[in-house]
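A, B, C and D are the chain letters, set down in written order, and residue numbers restart from 1 in every chain.
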């Protein structure tokens, strides 16, 4: 096993607005500033970057310079298909012109992926879905979701596209709402370069076991990426990883290790009111402890307990391994 | 379009226990008594019957006699694969002997389906799943789920098997937890005689739009049955249909009608503290009003609103049609 | 009974940002523009206005001119104690200077209330609370909440202060999270001029029955205001009133009427992607239908059913009254 | 500080039924058998016992003999006011005769408390509440709740009565649904011998922070008892304590210690499919680790972090103390 790499969405180091604090939880930061802050995190190797680059007019070369000076590289590019223009959807917008514009934006993002030698274009269609009963024709909506992704994947066979599903927010109900639904769609698209980015918190929010979802995605050969955080199971709070549900997060990592899945462990946290470097460091400390926990986990005993569905026995083994690794 | 038929799970007319009222919400009733009560409902044509027959030793001929005198026929048989023996799972039980016993019980149930000329064997694997992180090997669990159903379907090609998914209860997390997951599994099984029974309340409980789920199941050719009820979205309360979420229920019926899905509209309600005949009658009155609502729905205007994702416009049309039909 | 008046938060007619659509769901609008849009709603009499006035530098006289030309008056003023400065709380901020600044801002808002002859200062302490376990000293936090409100109420005995509780958002957990908690706090403060503004959607979100909450607030003499909207019970979606839960909303109005509570029926909706005038008109149409429904409700039969806890009987009466009034 | 005592509801060692596994998750056990099983748990000192005694006709002397041989004593008696007779409520039943019968049963239970020298009569009015909108008159329901409890408390001034609140189940909505609501009611009753039994899982289920709820109950002088378990936040799963939410449970214990609350740490777990002794032992092992964690917690540093609402800093301190104590 190679050394575990850690990553983060670059937005982890931005500031945020919401519908109440419309003046933001801090002064705006450009992507360059965010990269320089990310560079202060102890063990960060890669970042996922929003596109267009936020906070000014920056060339990809300028981004690269900033990354280089911070020893960071790019794992993925996230086209912003959830801003004003796409408020009623990107792939599923009722206006064909807007759907086309989303296509163009993502195609531009694909160019950035090539430039940076990144792993994938990340699709997060947060505005694609519905709010009310009777608002949409469900068949059409889903067809447009798949057509939109499928066209991109077939036009860019040299690149990977990952879909990050979430039950909801900002749309009240997102089209790609769950692991299973997204897998269904990907199988229907039928192309090898479309996969899933599994966000631990989104799984939790959707009532999934992230460990189970990871196993399923891996079994379909579609787990292309992942990120972690935590929440209270009823919203995408994007809190610091390990803070609320350490054992479930540990099981998620266990399934990855068990299947020899060797991708980057990424953070998708929104430290609205916290110091972003301290928050990232704290999460990575947890991840490292979890990694050590996996090293000392008594796998044979665990498998024996699991073969009997012995919950208490299995828990005991898992708790011991994780907690003793702090 | 033929006349709409109405049905109910025969348990609608039983009494219940739970972990607190262990002496039951009323004196126990046999299936024969339940059938005679069902016969008092105004417009009930078919019932779904648990197997083994509850409340005594009854032959299928005795059941038939009771049904005949109440002008009822059988739509499906539900083998009880969620009782004590199956507390750790039917298809996914860690004990191969128990898995075999589940297979036998369902095979017996299949015989009843043939005898009654019913539509399907209903599989509701409420104990198949897990309670705790680390308790099970997720890959094995899912494989056993599919193997169990697949074997039955391939051994009984003359019959239909429907899977009724639900997020949870009694198991803390059920394997067949959602529409999408169940469809994924059914596609993997790959047999024509496995489909879905979509319970409106289970969809609601799972954060699905039942209308959207119905469209998806129909698009895959797998919507073999349905039933309705209502709940507060966070548990399978099995309350009377239409009581809390009339517009969402109406949209569900709209999608069925739109796709010319012509099956029975069934009730899956648990009137713990209510009169079961009054509860069934009230639900069927709602269903009839919804049917009349579909007759007067301004489809063209609705489609026009939906083509623009115009939520308020679409709602106005739907509310008018439904409410004016009471 | 006097003629029912309708109102709305002026933000209903603004545009919004969130953490994804940081460029907003539409071009920014000033409060003056919002007032002019509000004036287009068919039956709106009063508005609740955020303070400071958004979108520019406006004097209260300018606001008044805009209101006058639209035949609107002010029911309340909502000081913005949830913006950047107050991200870690207004009343409960760890920094005493920020707590003082919140006090000053609300004191200024009180002046506006006097100028407009409005009913109340509305306190919505959306940032007061916590995100993580161990983050705060709970006793101190609650004490600061009550001290902050109590000081204002005692300094301004000529005015009413209403607290609008909500379970969460933007803070992961709000201090004033529920009807009961807020009542507990108000009783502890012990002043006559502190009451509750009951938001139907917040009650729903918190798992309360808004009807029950209204009865409780009235029994304590603390129901000083209300507003309505709808949501999927797990978040404050601020959807159009009556769209998802018409019967529960009708029961809420029933309890108000039953207790001769004669305040304004207000809207607190966020039409992110909808036309705000159409959304307001649609909601008010629902409210009017609900009002007509109350006029024809068979109160004696309802009370008889309630005296037996006869759910089906009571529902039948309520559904008939409401749906027939459309 | 005296040595920490551990306790459990005696039902922890019974078997269960639910609406699906109507034949139970194991063969029925009498209370005597349950006591003998409880005696096998390593560090159990006290039990809470349902009344009437389940599984046969047992005198209190027989119960005492069984307890004595297992070195157990009684902390509380829980009258079963949630069985068939009370399906529509105990204190709030629409039938005055049933309300009287509840009063008699609880009065009998009070006698058992005196006999055993126990701490309290535990009231868990799980059937008191409602299922549907419009079903009940909310004012009457609440009044009956308070009258019922108040009469008992005033008739038995030598005893303590504790109310265990829960959002729901078996009733769809329980009258005593939350910490705040129950405190409101207790303050209205106004007697010194009515308090709260705070169940960690019920708080979690209700979206409360159990730590915050404990602080509030203590501040009102009403925290008379507590018990712990775990769940997925959306239902009262009664899983083994510490399995899912260790940090939140640790914070709960921290608040108890901080306030010098020295009662018994009790278990309220339902090991449907697990060995009940192993489940209890595992929970108590966690509780002991938590106790050791409190011993090593850096209180000064924690208070410093809390004074700034420094979430990451506080978490780091808490995680270190808890996890290093395993």
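The criterion applied here is as follows: contacts are C-beta pairs under 8 Å (C-beta built on N, C-alpha and C of every residue); 3 or more make two chains touch, one makes a residue touch a chain.
Note that this is a predicted model, so its numbers are computed, not measured.
S.K.: Give the chains in contact with both chain C and chain D, ordered by label.
M.R.: A, B
S.K.: Of the chain pairs B-C and B-D, which one is connected by the greater count of C-beta contacts?
M.R.: B-D
S.K.: Measuring between Cα centroids, what's the chain most distant from chain C?
M.R.: Of all the other chains, the one whose centre lies farthest from chain C is B.
S.K.: If you average the CA atoms of chain B and of chain D, how far apart do the two points sit, in angstrom?
M.R.: 35
S.K.: State, to the nearest whole Å, the distance from the C-alpha centre of chain B to the C-alpha centre of chain C.
M.R.: It comes to 39 Å between the two C-alpha centres.
S.K.: Send over the residues of chain B in touch with two or more other chains.
M.R.: 88, 131-133, 168, 232, 234, 240, 243-244, 247-248, 273, 309, 311, 315
S.K.: Provide the residue numbers of chain D that touch chain C in the complex, in ascending order.
M.R.: 88-89, 94, 130-139, 142, 167-168, 173, 177-178, 180-181, 183-184, 187, 206-207, 209, 211-212, 215-216, 219, 247-248, 250-251, 254-255, 302-303, 305-311, 314-315, 317-318
S.K.: Which positions of chain B touch chain D when the two form their complex?
M.R.: 16-26, 82-84, 87-88, 126-127, 131-133, 168-170, 172, 232, 234-235, 237, 239-240, 243-244, 270, 272-273
S.K.: List the residues on chain B that touch chain C in their complex, please.
M.R.: Touch list, chain B to chain C: 232-234, 240, 242-248, 273-275, 278-279, 282, 309, 311-313, 315-316, 319-320, 322-324, 326.
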